[in-house]
Each structure stands twice: as structure tokens, then as C-alpha cells.
Amino acid sequence: MKKLLHNIRHHISIILLTFKMTIQSQMEYPSFLVGWLLANPFQFGFGILGIFIIVSNFGAIGDWGFQEIAFLYGISAVSHGLTIVLFIQTWYIESSVRYGELDRYMLRPLGVFFQMIPSYINLIGFTDMLPGLIILIYGCIKIGFDASFFNILKLIITIAGAVLIRGGVYLFSGSISFYTKSSSSLIELDSRLFDSASMYPVSIYPSWIQILFTYLFPIAFISFYSAREFLGKTDGLPMFGNAYLITFLVGLLVFFLAFLFFKRGLSKYESSGS
Amino acid sequence: MFMAYRFQVLSTVVCQIVILSASVFFWKAAYGLNAVQNGTSVEQMVHYTILSNLLAVFYSTFVERNINQNVRQGNVAVDFIKPINIMGFYFATDIGIMIGNLMFRFIPMYIFSGMFFGFTLPANFFALVLFFVSVFLGFIILWCICGIFGLFSFWIIQLGPIGGAKDYIIRFLSGSFVPLWFFPEKIQSVLNFLPFIHIYQTPISIYIGKISPFQALFSIGIQLVWAILMLLCLTRFQKVAFRKVVVQGG
Amino acid sequence: MAVSIEAKNLTKDFVITKKEPGLKGAFKSLIHSEKSILHAVNNISFSIETGQIVGYIGPNGAGKSTTIKMMSGILQPTSGEVTIGGLSPFKERKKVVRNLGVVFGQRTQLYWDLRLGESFELLRRIYEIDDDTYHKNLTVLNDILNIQEIINTPVRQLSLGQRMRGDLAAAILHSPPVIFLDEPTIGLDVDVKYCVRQFIKDINEQYHTTIILTTHDLGDIEKLCDRIIIINHGEIIHDCSLETLMNNFAPDRQLVVDLYKEPENSVAINNVKIIKQEGARLWIEYNKKETGTGDIIESIAAKYPIRDISIEESKIEDVIRKIYAKGEIQN
């Protein structure tokens, strides 16, 4: 027990130190940070502006009005930003394997997964999160979101689940590089799929796509089911139980499976050395 | 190596198909039970968005990345002593890539979208010819914008994220996601006087018959003026940028 | 002496997929690909005592790096086992690497984006090095490697020599009893090379550290190693001290004698084998164990006045090349 506590403290202290150093080294290129700070709002700003223009012509998309879509879009964008903050390293498993950085991780008395993924917190990811947060707050205000403690907790659990789903899928794709040494194009595909399945209501798609995105490749959980529950809507596939809890559980499951796949890939690396 | 490349191409195409399908379903949902909105039918709009996605995978503007890379690695001086026009070389490279894009991306995606959402055919043969001319001029405009942007590398070494911002601006202002006729009128009249709509909206409108052949000729005339203007800007700016190298050394 | 590292029948096989060239080959390999097994390390055994400096040498692709990787827990052995301080690096990776310092000459272990000092801080946190040890080690390192000069430089801006100094320092910051150095002097200039060798010697003397060194620079071996293990085609072909190796493979020595006067006809002396004569200079070859150098000089001096002499030992490079070449013939 004492050892476990010591271990946890040890790992947290490493995360904090790495974070401090990451901030320092990223501050050495301020233009880069400012560049992202300028560029990211364009992506999300134009995305939501486009939806606004369309909705003001048509009145709604499916059953969803602009403010409702803004709420959904906000959840999706915030979870995207947080994923970039916490799990961006999953995008670089390929280069770690290819350029032998993995060997360096194995020479340290810490877990490889820990060193590779959570020990690095990406400051630039916050520039992704900021526009999302603004859109989410706008959406919350406009839909009359009851900001009770329990509701905010539900929203946080939803976003945590969404981050786990995104991170898990990225981790899975990244781990493929243990076998094929090439996963970057897959990561790109994941991002596109996330956007398509979480920035608009999934109910606009034919039901077979909805089933696919719910049961096989459960990225509809990133934003749709929870947002629908908060908004009291009923379109799309029926779902039992509390959507925010299911979202979180799906997130845990996806991430856990991806973690197992990562472990398997790593042991394959250990035995083949390539 | 070959298989790895094929895997890459395949997943990029799948990626583009996902975006294309999502935007089709999005428009269908927006139209809902309405058949026509702002003078555009749901079929026209579906064709519009498919063509816009196809053009996006067809256009190639590596010029920006090439300039940026060369400046960063300090190869500019080397390029200078080569007995070729370096911008011309970049242009030829992009044209070559576009021929590849046509075969490996455009055609497979066209077939896919045709099978799932119906083949998009031009309003008439004349429109098809005008469409090709318009696409070519649109590409020149886009290519010049990216070239000018790439030349900024001579002053700002890391273009990185700002390049992404520029792409979002172009895609939005060119009507590639939402056509201009859905925009508020005041914004429309401003955007009509900018070159961006001629990159996506003008050629696509000609293809789907949103504008008549006579109007199309007129639009192509404006495109031509823009293309010439942009080319002049590019060559002028290129001289300024290259002079900077001569003065300061690569 | 306590045994520090022990390998028993250590083996590592790699499955290699044969690829045929061209488009046709690419498709063919999709359906059916020929596989062959490469014995990168084949049934090797050795044991290394605490405090030894061992040179682990062999031609490119002999299996050196594969062995180092198995010893440091990066690769899983196909069969056999290796232990460091009694523990298997593969089964108990974290425990073993805590007491291990590894330097790859070709690749830095430092954090590319950080300043060298920050890298050290992070390592200090990772290995949980207490303040006393940390500062003491840093002082020692500073004396030998002059770390203070580069401690505030970002790693990516370090020159190769500076980077190697940083890498060496980082590898022993946590006072590991065992160090693996994989080509630590590759690409370094004479000065830094000298510095690195001095460092290895000092660390070994001060801390009684066990060191395994792979290198292509036989100067390293000559200056540092008590013992050399030569590996070729995954098998150990020699394991002995440098002296023994030289005595066995190059028992002969050359004596060059300059005479005052050019002899009129060719020189012949009993029991002395003259292999070449050019003007007033003679080249003599003899077995250093059987014949005393003094005796030869004496017999020559009896007949011809000697102006100068020099002794040429066989070069270690030539010996090693001979050994490698022999390995090629056998296989």
C-alpha cells in the first residue's frame, strides 16, 4: 500500500516536471504557439458559422436548431481539444517505433505506456480547446442549460467519456505501427470520422450508418447521445439508461481494449525487434 | 514500400469518401422535406457538394510546402543556380500530382459517389467544356494564392499552423462548404468581388447548371481577369522575395 | 570476484521475409512469402565479473547490438537466458534498468527539446536519485567531462562530441553498477575520444563499474579493455585478454635494424631470419617467445656496427582483420 502510494506520487511528480519543461520548451517558439492560437479558431469558427448560415436558411437540420447543434458541436470540440492535450502522443507511436525512440523508453525504470502517452501533456492542445469551450458555453446559455452541480458533473463525465473514446481509437490506430510501421494515414481517417460523427447530429445519417457508429465503431457516443439526452430529444436510435454513463463506460471499454492492443504490439516489438 | 504506399492512398481515399458522404447526408437533412431552397434543388445541392469534395482532392498546391521547405533547409540558393524557372518547376510538379490525383482519387471517388448518390452529369455538353476551362482558371487562382503565401516563408520561417488557417479561410470564402447564395446578401456582395468564389463555386455552378451558359461565359471572363491579376501579383512578389535572398544570402 | 553479468546459451532468431523486387514481387509476397530464420545471436555463453571492462567486438551485423539489446531488456531472447546481477532484464525490466546505464553512440538518450541540465533533472526524478548522490555525481562528471560548459544548451544544439559527453553523463547519473556502451567513440575527434576513454577508465576505477563496450575503434580496446569477446555470425569466436589474443595470433615481431654501412653482399646470420634487406636497413622477423630480442641484436652487432633499431609489434587491426576473415571462410 505504501509502495503503491509512493509509485503514484513518483509518476505524478514526473508528469508535473515534464509538463513544466514542455511549457518551457514550447515557449521558446512563441510564434508557433501564436500561430496555433490564431489558426484553431478559424477551423471551429468557420465550421460553426457554416452551420449557422445553413440553419438560418432552412430553419433546422433534421430536428436540430442552431443552438442545439452548437451545444453538440461544443461538446465535440472540447473533447477534441482535451484529446490533443492528453493523448497527442498516440499520433507519434509510428515515429517512436520507426526511429528507435521506443528503445529509450525501455531503458528507463518506468512503464513504456506511461512514458509514451500520459507523461507528455501538450500545451498547444489548449488552443484547440479554447474555441470549443466558447462554442459550448454559448450553446449552454442558448439552450437554457440548467447549470446545477449534477448537470455540470454529467457534462464533465460525458466529455471524459468522449476523450477516452477519441484517445482509445487513436491509441488503437497508433498501435498498428507495431505491425505495419505505418499508421499516420489511419490517424487522419480517425479524425475525419470523429468530425463526421460528432459535430453534426448522427440522426442525419441512414440508420445503418447510425448502427455502425453506435455498436461497431462507437464514435456516435462522443457527443450525440449525451447531447440528445440533455436536450430531451428522441431522434436517432433508441438507447436505454443514462447516456452520460453509457458514454463514459463505452470510453473506458474502448480505451481498455486499445491499451491491450498496445501491450500486445509492444510484446511483438520485444520479440521481433522491429 | 509499394504496398505501404498503396495502403496510404487507399486510406486517404476512404477518408475523402467519409467527408463526402457526411456532407451529402448533411445537406439532405438540411433540405428535409423542402425540394427547393434559394433557387437550388436538393439534387443540385447534393451534386454541388460532391463536386466540391472531388475538386478538393483534385487540386494540388504543394508549391507552398515546397517553397517553405526549401527556405527552411536553406536550399534557396541552390535552386537559384539551377538553369530553370523555379516557380515554373513547382507548377509543373503540381500539375503532375494532379494527373495522379485524377486517376487515384478523383475517378475512384466519382465512381463511388455515383453508385451511392447518383452520377452527376453536367447540364449539357457545352457546360462540360466550360466547366473544364473554369476549373483550370480556378486552379490558377488557387495556386497563385498558395504560391504568394508560400513566399512569405522568406520572412516567417515557420508557416505551419498559419497555412492551415489560410486553407480554412479559402475553403469558407470560396463557397466550397456552403455556396454563396445561402450567405446574407451583404456578405454575398462583398465575396462576389473577391477571387475565392472562382476557385470552387464558379466551376461547380457551371457544371450543375446553376448559371446559364451565357452567364458562365461572363463568369469565366471574370475568372480570367483574376487569374491574370494573381499571376502578375505572384511574379511581382516573387521578385521581391528573391531579392531578399540576394541581399541577405540564403 | 562476484559475477555481474551472465549469459547462458543465449539465442536470438529473427524471421526474415524474403521480398522479391518490383510490382510482381510485391503482389506475390502478399499471397505467399518465403521466410527464413536468421540466427542473429546463436547460443552464446559468457560471464563477466564485477569491475571488468569488456570489449565486445565483431564485424557489422555480427550480433553485437542484438546482444546488448537483450542484456538491456529491449529484446526478448528466443532461448537461453541472460542475467544482470542475478535478474533477467526481460522479466524484470524496471528493476534491472534501474541499475543500468546505456549509451548508444549512434542515437542520443537525451531529451531532444530540453536543455541538458533539464534532461538531468528529469532523469534525477525518474531514477529517484537523492540530493547527495546527484550533486556528488554531477561534480565528478563536471571534473571529467566539463559538463558545466554545456549544461544550459538545448540538446538539439549540441555538437556530436558535446552530445556524447552529455549522454555519458546521463548514463551514470544514477550511479549504475553496470554500463553498456554501444560505439561510444563513433565519429568523435581525437580530443573527445581521449576524454571519453579517460572517463570510462575513471568511472571504472572510482566506482568499480562493470562496463561492456562495443566498438570498431580498436584504440578503445587497446586503451581500456581487460578482456575481449569477439563475435561473428552470432557466435563467440574468441573470449580472452587482449594479450593472450595477440600472443596467439601474432606471435611474431619485426625488428628493423639500420647499419652504419651498407653491407656489400646480402647479410646472413645464424638463427636470424632476415626477410628483407634494402640498403643499410634490415627487416628481421622472429617469435618473441622463443627468441630474445637482445640475442638477435647481439649476433648482428658482432658482425656489423648498428646505428639504430626499432621494434614493430603486429598491429591489433591486422590481427582482428585476420580473425574476421577466418570467420568468413569457415562459414
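Labels for the chains are A, B and C, by order of writing; each one numbers its residues from 1.
Keep in mind that, in the parts below, a residue touches a chain if its C-beta (ideal position, glycine included) is under 8 Å from a C-beta of that chain, and two chains touch if they have at least 3 such contacts.
Model, not experiment: these values are computed from the prediction.
Each chain gets a centre from its C-alpha atoms; the one nearest the centre of all protein C-alpha atoms is A.
Annotation: A-B is the more contact-rich of the chain pairs A-B and A-C, by number of C-beta pairs in contact. Chain B and chain C have centres, each the mean of its CA atoms, that are 58 Å apart.
Averaging C-alpha coordinates per chain places the centre of chain A 30 Å away from that of chain B. The centroid of the Cα atoms in chain A and the matching centroid in chain C are 48 Å apart. In chain C, no residue touches at least two other chains. Looking at the complex, you find that chain A touches chain B at residues 29, 31-32, 35-36, 38-40, 42-43, 46, 49-50, 53-55, 57-58, 60-62, 180-182, 185-186, 188-189, 192-193, 195-196, 200, 204-206, 209. By the touch criterion given at the top, residues 14-15, 66, 69, 72-76, 90, 93-95, 97-98, 100, 102, 104, 107, 109, 111, 113-114, 118, 121-122, 125-128, 154 of chain C touch chain A in their complex.
For chain A in complex with chain C, the residues that touch the partner chain are 10, 13-14, 17-18, 21-22, 24-25, 28, 100, 103-104, 106-111, 267, 270-273.
Within the complex formed with chain A, the residues of chain B that make contact are 4, 7-8, 11-12, 14-15, 18-19, 21-22, 25-26, 28-32, 34, 37-38, 156, 158, 160-162, 164-165, 168-169, 171-172, 177-178, 182-184.
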